Amino acid sequence: MSDSRAAGGQAVDQNGGGISRPQQSYEGVALVAPTSIPYQRYSIETAHWWIARALGTALRTAGMKPAELDGFSVSSFTLFPDTAVGLTQHLGLTPRWLDHIPMGGASGVISLRKAARAVQAGDADIVACVAGDTNHIDSFRSLLSSFSRFAMDASYPYGYGGPNANFALLTDRYMHEYGATREDFGRICVAQRHNALNNPGAVMKKPLTLEQYLDARPIADPIALFDCVMPCAGAEAFLVMTVEEAQRRNLPFATISGAIERHNAHASDPIQLRGGWTIDIDDLWSQAGCAPADIDLLQTYDDYPVISMMQIEDLGFCAKGTAAQFVRDHDLTVTGDFPHNTSGGQLSGGQAGAAGGFIGLVEAIRQVTGQAGPTQVAGASRAMVSGFGMINYDRGVCSSAAILQGGQA
Amino acid sequence: MTQLADLAQALASGAIRMVDLTHRLDPDFPVIILPPEFGQCARFRMEEVSAYDHRGPAWKWHNISMSEHTGTHFDAPSHWISGRDVAHGAVDEIPLQAFVGPVVVIDCSEGAAADDDFELTVAEIQSWEAEHGPIPEDAWVLMRTDWSKRRGAAYLNMQDDGPHSPGPDPEAMRYLVEHRNIRGFGTETVGTDAGQGMHYVPPYPAHFILHGAGKYGLQCLNNLDQLPATGAMLIAAPLKIKGGTGSPLRVLALVEETA
Amino acid sequence: MSTPLQPPPKKNPQNRTLSPTRPPEARSRAALGLTAAAAEGRFALQVCAACGSVQYPPRDACSTCLSVNLPWRDIDPHGDLLAETTVRTSTNLYFRERAPWRLGSVKLNAGPVILCHVHGDVAPRSPVRLINRLDRAGQGVLFALPLDRSPNMEDDPQLRALTSDPKHRRVLITEGRSDLAPVLAKALVTAGASTIFVGVSETWRPNPQQQALSEIAQVEILPLDVTDASSTRELAGEIGGKVDILINTARFIRPGSALTRADTAFAQQEMDVNYLGLMRLAQSFGPGMCARTADGVNAATAWVNILSAHALMPAPGFGSFSASQAAALSLSQSLRGEFRGAGLRLMNVFTGPTEDDWHQPLPPPKVLPRGLARSIVAGLHDGLEDVYCGDVAQDLIARMRRDPKVLEREMTMGAADGL
C-alpha cells in the first residue's frame, strides 16, 4: 500500500503518459438556469417524466421554447429501452448536437465539459444538460442486476451487497491505513444533514446527531445506515450557452475556470484509496489560476463519506490520509469555515440515480450566482465540484472535477 | 343349446364354482433367473400413459411390457428346442380345443413342505392313480405343491447352487406323456421343471419331453388347493401372439360342487 | 475455529419449508470459464497467452496487451486479504436470508485483485488461499480460506452453502446389490451422514451385499427397482422428503456392440436401467429434493450419478453399454439445468472399468469400490459437478480434451478384427 500513500497530486506512470498539449480554456461559456426538481423516495412516474420536468423548468427559466434548443445532453440509468435519441422524439426536440453520458456520479462535470466545447466551437448555441431517474419500488434491485459486466461476473455473486459492499471494503482499508474513525465519517454526514434541513427539496427532513449516526443499524461493516444514500427519484438540469447569450437573456450565469476528467486511473492500486483526480489536479489548479485556499465551497460526490474524504485529499485540500483530521478541524456546514455539500448532498438530499452526478454541480451554479436561497454561502464566488462514478468491479472508474466562478451579468 | 343354458344356470347358482388359478401381474413377481450372460426374462412393467390429466384429460391407461413367460403363463411347444418342429407349436397356431379341457390335480404339498427339492416320480403318480383312477387321456395334469403360498425370496428359493423348488423327474414326465398322453402339465413354481432341473438327463425334462411331444405347460399357478383331484374343467387360452412361444394369461377352473 | 455443526432437530411440522432462493446466476460467457473450473474444483484464471499477465474479472481481451488469446490456467491460489466487510442486508433474497455474509478483497500473488467470499476463520488482513467452488446458482465463485486447516472448518456456514457435505445428511444409494453399496455406505457414515437408505431391487432374489449392509447401523434397506416406475414412486412417497443426497449406483452392463449381438434385448435393459432408470428416479425424487434445498442443516443438496467414462467415448467391446451411458450423461446434463433452478447440485462421477464380472477379461488398472467411494465422498465435500475416478477415466478425459476425433479413432482401431 506504500505507493498509494504517496499518491496525492502525483500523475503516475501508466495513466496516459502525461499531457502533451495544454488544455484550452472554457472562456466565453456560461452556465445558467440551475434546476433541481424536488426528490421523492419512490415515484410512479418514469425517467422521461422527471427529465421533461427538469428540462421544462430550465427552459422556462431561460425564457426558451423547446424548439429553440439546439443541443441536448442527458444522463440517466432508467430510460431503458430509450436513449437520448428516443428522448428527442418523445420531448419534441430537434437538436443539432446530442449526447448521452452514462457516467453516473461523474456525469455532471463531464456533460458540462462536452457541452462547453460544443458551444465554444459553434456546434450548438444552447445545450441543455439534464440528468434524471425515477425510483420504483423494485428499480434499485433491477438497476444493480444489470449495472456492469464485471459487477455481474465478479462482484454481485459475493453477498450481493451492491455499492454498500464495495464501499465497505474501501472504507475498511481506508480506516486501517489512515486511522480514520467512524466518528470522522459521522462528522461529514451530520454536517450535511444540517445543510439539508435548509433545503426544502431534500428527502431527509429530520436532524441527525453524531450519536444517532454511530448507533445506526449496520449495513455492511463498517458502513451503517447513515453512511448510505437513499435511492430516490428526481432530476437536475442546467443550460450551457455563450456569455453573450446569457447576458442578452439577462440570466445570472457561472463560468468555468477549469475542468478535468479521468477514467480507470491507478488500475494497479490493489484497493482504491485515491481517485483519478490525483493525475489531473495540478492541471486543474493551473487552468483556474487559483489554489485550494481560494475556494469558497466544495461539492464532492458523496455516495459514501469515505469518498468525500478521498476527494478532499486528492483535490489538494489536505495531504493523503489526513482528511479525517481535516474534517475534525473544520466546520463543513453552510455557515462554517469549509462549506461542503451545501444542499445536503446525496447523503441527506437523496440519490436520484444519475442526477446524483449533477446535484453538486447544479448547487454550485446556484451558489456562485447567488441563487441558493436558504443554503446560500455568504459571498460565495468560487466553487469546486467533483464527480466520481461507476463501480464497475471493485472501485469507481470515472472521476471529474471543475472550478466555477460567478459571472458578471 | 340347452347345455350352455344349463352351464349358465349352474354358474349363476353356484352349482359350478369358478376358481382363479392366476397370480396378479405384479412388477415384483419373481421370474426365472438364468446365468447373467444369457438373455433374461423381462419382468412385468407398467408405465402410465395418462390418468385423467394433461396427458389425456378423460382417460387413464398404461403401456405394459413383459416376457411371454412372465407371471402365470402358458408354454407352447415352440418354447423348447425339442418342440421347435412340432406342428402348430406356436401360441397363435394351437387349436382352440386345447384351451378348454379336463384337469386333474396331484397333491404333492406334503412332500414339498418337507423337501424343497421334492420330486414327482412315477411311483407318486401311480400311487395317485391307485386312489383316483388312471389319468384320462388329453387332460391337464397339475402338480400341487402349495408353492404359490410362498412369498419373496422363498419362492425362487435361490441358493449358491441355483434355485430349489419341486418338480417332476424325467421318468415321471415320460410316463405322463408316453403312457397317459396328457394335454399339458402345470405347476405352482416358476417353471414346469424343478428348481434343480438342469441336472437331470435330459436337463429340464418337463420342458424337453412335454414340448417335444407337442404338449403344453402352465406355471406360476395359484389356488390349486381349491381344486378337486379330478373332475374340474380348465380354461387356459394364451394371447394370440404371432409365432409366440408362450403367453401370460388368465387361468380359470370350473368345479362342480358336490353338495 | 468454526462452530461445530449440530445435528438438526426434528422438523417442526407446523412450519412451512423455506422456498429455495439462489445467488445471482447471470454471467458473461467469459466468466463461465470459472464455472467450468469450479465444476472440477480447480482454481484457474485467464492467463494471457501473449504477455502472461493474469486476468480478473474474466475478459475478452488482455488489459495489458489487448491480446484476445486468454486461456484458463491453474495458477497459484495464494494472496493477502486487503479488506473485508460483512454484508448485513442485501436486495438479493438468497443473501438476505443468509446474512450476515462475509466477503473481502484479496490481492493474489499472481496479480489480480479478487472480491471473494471469506471463511470465518480467516484473520483480518492475513494471508489466504483461494478455492474455486460452485455456488447454489451453479456458478463458479472464489472463496478465501485460512492457510492452515482450522477445527471444523468445513462447518463454516458460507463454505457449507457451496459444498454437498454429507455431514448430518441422509443419503439414498439406489442399488444395494453391487459391492460398491456397503463400501460407499461406510464411507458416507465416516463422513458424518446420519442415515443411509439403500434401495434393493427384486427382494425375491438373494442380495450378496445383504450381510455387509445390515452390519452398518445407519443403513436402512428398502425395496427399489429403477426399472419400475411404481417402485421409484412408492419409495419417493415414503422417504422422498428425507433424501438429502441421492447416489444412483444402478447399472446394467453386458459386453457387446450392435454387430456382436444379434438382438436388442440387453441394449433395452441397458437403456432401461442406465438411462430410463435415471429418468424414473429424477421424476420420482427430483421434485421433492428440489423443494428442500433450503431446508436447514440437512437441506437436499446433491444428486450423484455413477457413469462410465465411456459415456464420453465408447469403449471397445462395450458399444451398446457405452451408448446407454452416453444417453444417461446427456440426460444428466439437462437434468442438471433443471435442478439448478432450485440450487440442487448434480455430480457425475465418471469411472474407468470397475473390478467386476463384466470387466474381468480386461487388463488393469480397474477401479475398486473403495476408490470409487472415496471419489464420491471427496466430490461431495468439494461440491463438484464432474469427477473423474481412476487412471482410465482421467486419461480418457485428458485425451478427449486434446482431440475428440483422434480419441475416437484410437479407441476403435482394431475393433473390426474382433468380428
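Side notes on the structure shown:
When the chains are written out, they are named A, B and C in that same order, and each has its own residue count from 1.
What we mean here is this: contacts are C-beta pairs under 8 Å (C-beta built on N, C-alpha and C of every residue); 3 or more make two chains touch, one makes a residue touch a chain.
Since the structure is predicted, the reported quantities are computational estimates derived from the model, not experimental observations.
Distance from per-chain Cα centroids to the pooled protein Cα centroid is smallest for C. The most distant chain from chain B is A, comparing centres defined as mean Cα coordinates. Centroids of chain A and chain C (each the mean of its C-alpha atoms) stand 49 Å apart. Measuring from the averaged C-alpha position of chain A to that of chain B gives a distance of 93 Å.
Residues of chain B that touch chain C in their complex: 27-30, 33, 36-37, 39-40, 43, 45-48, 152-153, 155-156, 158-159. The part of chain A that touches chain C in the complex is made up of residues 140-141, 144-145, 149-150, 152-162, 164-165, 168-170, 172-173, 176, 217-223, 267, 270-271, 393-394. Of all the residues in chain C, the ones that touch chain B in their complex are 202-206, 223, 225, 227-231, 254, 263, 265-266, 269, 357. The touching residues of chain C, counted against chain A in their complex, run 23-24, 26-28, 30-31, 56-58, 63, 82-92, 94-95, 101-105, 107, 113-117, 125, 135, 137, 139, 141.
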